[in-house]
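Some notes on the structure that comes next.
In order of appearance the chains are A, B, C and D, and numbering begins at 1 in each one.
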């Protein structure tokens, strides 16, 4: 179904994205490069910018100064200035539509953003060795979203050449890592005509050649930022006159991790980004925790939210500080529909390079693809989250994460084949 | 002893410095403006740059990128480019020498640096109302070192007009707030010919019109940076695979503040600047604490250092992390010599505007003037730390700190009068 | 299968036990009362005392003083002095054997011990209202083991009247709550001829009339006691000379609960009994934690043991204390065999009063019946853990726990019917 | 002033008390033995039992069961049954009055209680070697109150033989270690006719032969008991249903020790006796902290009380528990009067065996002799707290504390000589 030239071009596209990892709402280069690639294809529509987002559903948008830094970085790296401008205040991502006769509307969701992790420089890390390591200090495609974006492009090409009858909408979603991109796209209405939605993820500890037709076990997640405010004082001369926001923060961290496990299932908690104070000799006036809680079900996540709020508020009170808790991203659970996973299984079984097909597996993490899946399911459509195995040397979200590039084509073939089947 | 024009000029100089607060080793604007002012005076020598520092005694110098930002800021604010260049990699501060006949060498030490505290913008904060509030976001002269620098200039003028016979060396010391500037200047050898050293501080909760002839009770201080290193993991999918550096940091903070009080006297501890982690969904790989411990004596400070190290190392081990503890600034204790405080008392008692003279008081904080005082005392000289009262509305190291500008002249007059007496 | 007189007698027996709750290795009254009841039956053998325990496998035996107190209490309550003497140093429990023709050896395991929980005195708590509330302050049958013991007796009676051909061994096991009684009985060899072992538990949130044929999901558990030793000092005059064992203990507790959740399944941690220090004005020299960790699998339990040890040892080091960690009870996981659960299901379905039969459910707690089940299974036998529903007003291990006494007969009937079937 | 027989008898008395250490309100044996010894003297009155206490000012009285245990122990050790009965519910202590002509009323206060510390058994611990080690497990005269009681007796004898004209009242005060005995005796009115009050303490790190005429620097102290109440649950099956009182307690302990040091002077905090929970597998429903805070002044103590209350209440709220904070003992500061210390100095200087006389020293601990001193001073009298040095091998409140018995006579001689002087 593929040919060498297409594959080379896709690999080259993936490596370009890999060199320019960008976090949520800052995917200016990625979006511009993507629009450029979509423009080379014969599509019915290419939508991007504010029109693809329910604007008030966007959380955690960086301040203008940060956006401007990422815009500048994108422009320096060669992003098209008109596209960058059209993206506006971080309305990143795109929706590409291919119409090919009458038939159902099939959606494919891929995510495009990266992580604040410095990339490995070691000799056994292929991106370092072959020259496409991240050029943005402290950021990295450590979860394969560069590959997902590439798969999105490849599926368009493959479906265009196939007997598929219907409409294909590929949603290139920003901000998955921060769980902020799914909700505004789901609520934009652009998914409301979709009959079947596929989402895809590479790796997840499945080896090259393995396909998981339907992934479940998404942990519901809620992210927060707690800002503690106390009062400063000279730490040597007047220690008692300060209200120590760092002490409040530390008490909160210790007790957040100590929230009781729950009889009804898995829970999680993490204080992933924390800070406070200004100088060694000043009693810290301010401190913050950016963290998250998760649950195997929404109810379990809500139990954790309640307990976390109590811990944080009590820790502030304990040190005569105040605290303001802000909700950042959030995502529900979701379940893959069996009528769709059976189509994916059938497609996978006849795809060259696939050596193992698994019906279901559990993610054990969170994903805001669940917002899109729920939206489609609420409208009577079906949804499935497909796993494409790859022998990744380092774990997801670590400095040595990487994918075997041969597996990109396998992913494209399985998805395109399933989509073709759905449009027949 | 003063006249209106001189005073106006000094006030104007102080307000200029107040608008441009700079932290340790970054006092490019302050030093350049000071050199400019010294050049207008008739001095025997003006020394600055690397020659006034024992280079390897400098701790906590910012990285080149930070230095460059502060250099640029100084240049934009109008600092002389030649001076900025001569300062080099943060060799800030200056020593001005006035020779006036035969007689003893008298030193005066003033400090010049500022604090990472955002300045108040309220209607009752005079710098905000009268237009000389800090123009550098997040930094402020919240401890009066702008005034100290100004007093240094004023004393040169006053002594030059007096009957003083001898040599006056005014040391404009950088980096007091971080306790890093005193040691390299003390060890530079430039103080080794000083017979009597005066240091000065404004405020310290003494009202306008009050002079303290000799301040003691300097807490010995030791500052550290602890860098915790664990291992990252996906906080939802693989929480147990991470070694959580933020948990280690929080356990350390909780237990640092819990180090036992000591029977032999006052101790202090502060985790003044802390941080860790990268994103809500990643188990934090790194975290740090910049903190300090103090003691009423050097022994008490060392007790705190030992206990703090144990706490930090155990907290790291507890969460399967490693930790590296780096020493930042440090300062010993010191005592004002009675033969010098009696001279200051006598001078103060006859100075107009002085309404109260106190022989001794306790600082209760730390100061690296103690390095200079010890150096002079070790060489057989005398030293005293003089307090000049002022009705300061906010406490030291708070956003509303300010001084009554009329008290600047009082400080100049007392010091110049004492110096004149010493050179007769 | 039952008649009114038998039932009344059993209820009366249960209420007598309920009034005299006793913890692990202290079940002197319970064992003596049981032996008395067994003596009234026509049994092949009644074994108790040291002979039913592999002595060196007994953990956590109270000191002689405590044993003597419980012995005295039992004697005061009317326990037979000869039996109490024969029990010796806490070799509580009994094994009753009924031989009835040729056929397989079937085991039934019930537990007999109680919990250190004060019993409710409220008007809606039936034991309080009807006069059989615990007469031992601070102790209570809050998990239904009084009922289990009674079921053991009732099954002997029912099987004796049935067509059962074979040998029935009822194991009345002590010390389940502390996870200490299962191991020494399993290792005694008395189970080595058992072909099929049934264990039984009342309640577990299943309503009256519901039977669970096979309970799985036993959490593996490991219990420990950590003894912290520091150094005392006068807390006012010489605080720094003490090494504070209570601070070490508190740091350990905070961080034990903070041990990371695990991707592979459920874990638990509890610091269930803690203490330290002697008087308000003495820096605490000693402190202890009696706690436990659990895991859905033995591997997960071992992960928790490793992490807990690290936390405890680091907390001690943090406060210059030493710590000694002693293992108390431990229990593995176990799985009910389908060939046995199908017999139980068939029996339950035809038992009057049973309104719902569930094939399998998960316990979510720990049980040292697993030692006995594993022993039988390792010898080629089968084992199943049967749940007998009851509408219990308060949760297990709470002050208001109670059972509906009508459900005792249902439990007896289901188990006797299954045993009859196995011996045909 | 002494003779060998008297001294032998006093040493024997001291050793008897040393063998029978008793805590606050439980000094049945000590009081009975003391009354016996007083009856052998020719006194004007011997008062004990409820009449010497303002009853409602007594805090922290043990429950009847504990009192009865101590009563029984006293009787078994040979205490006079009539005296034990007359003491009633722990109204321990005594006041002995000697009238000897007209003159001022002089008070001497000694304390009689012991500590919950196990006594050393090593070869270098004289009480162990010479057969008068504590016979009460876990309790010890580890602060020399056995010696103080003996000094009280010895002073009566010496004054009786002297030229003293006036009234001597020796107050044998119970419950000093728990800071509970001073207040009810001070408020009883029995001190209201005292013109000068001396209190005495042995040791305090002063060597044999050294006398301190006036000790100051008593830390004000406030003791509390915090009872945390949560909700129990099965720690394995339903961890989330419990509200964990031990977690609340641990969070409180960690943050109590972390209360900020104060610029105005010394503070202290100690969680001296803590406990919680019932069994490893039950989420702890209850926990407690018995602790204390101190301050160099009453204001500093009150700062600590406020902060401690906030910490404790927030820790409870953090874990969805409630907490009840009860005040136990409390004692203010006090200052020795110079007119009295000068009399003591003069007396000491002429006493054989005294090699060093110090005018003033600081205790650095707390003492409820301050209640008695304040009462006398409030009534216009004078008070001083006298230190009698001794080479004590172990520190106060440690297992190896002991006194040199030769120093007992020195203490008697100095005090009797000062009293004689005051009554002339």
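Here is the rule we use: a residue touches a chain if its C-beta (ideal position, glycine included) is under 8 Å from a C-beta of that chain, and two chains touch if they have at least 3 such contacts.
The structure presented is a predicted model; accordingly, all values stated were derived computationally and were not measured.
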Touching chain B and also chain D, the following chains: A, C
Chain whose Cα centroid lies at the greatest distance from that of chain D: A
Reference interface B-D: repeating pair among A-C, C-D or A-B with over half of contacts shared: A-C
Computed distance of Cα centres, chain B from chain A, in Å: 47
Centroid spacing, where centroids are CA-atom means, of chain A and chain D in whole angstrom: 66
Chain C: positions in contact with at least two other chains: 237-239, 241, 244, 247, 251, 254-255, 257-258, 260-261, 263, 268, 283, 364
Residue ranges of chain D touching chain B (in the complex, touch as defined): 254-255, 257-258, 260-261, 263, 266-269, 364
Chain C residues touching chain D - in the complex, by the definition given at the top: 115-117, 177-179, 219, 221, 223, 232-239, 241, 244, 246-247, 249-251, 253-254, 257, 268, 270-284, 287, 290-292, 294, 328-329, 363-366, 395-399
Contact set on chain C toward chain B in their complex: 237-242, 244, 247, 251, 254-255, 258, 260-264, 283, 303, 310-311, 313-315, 317-320
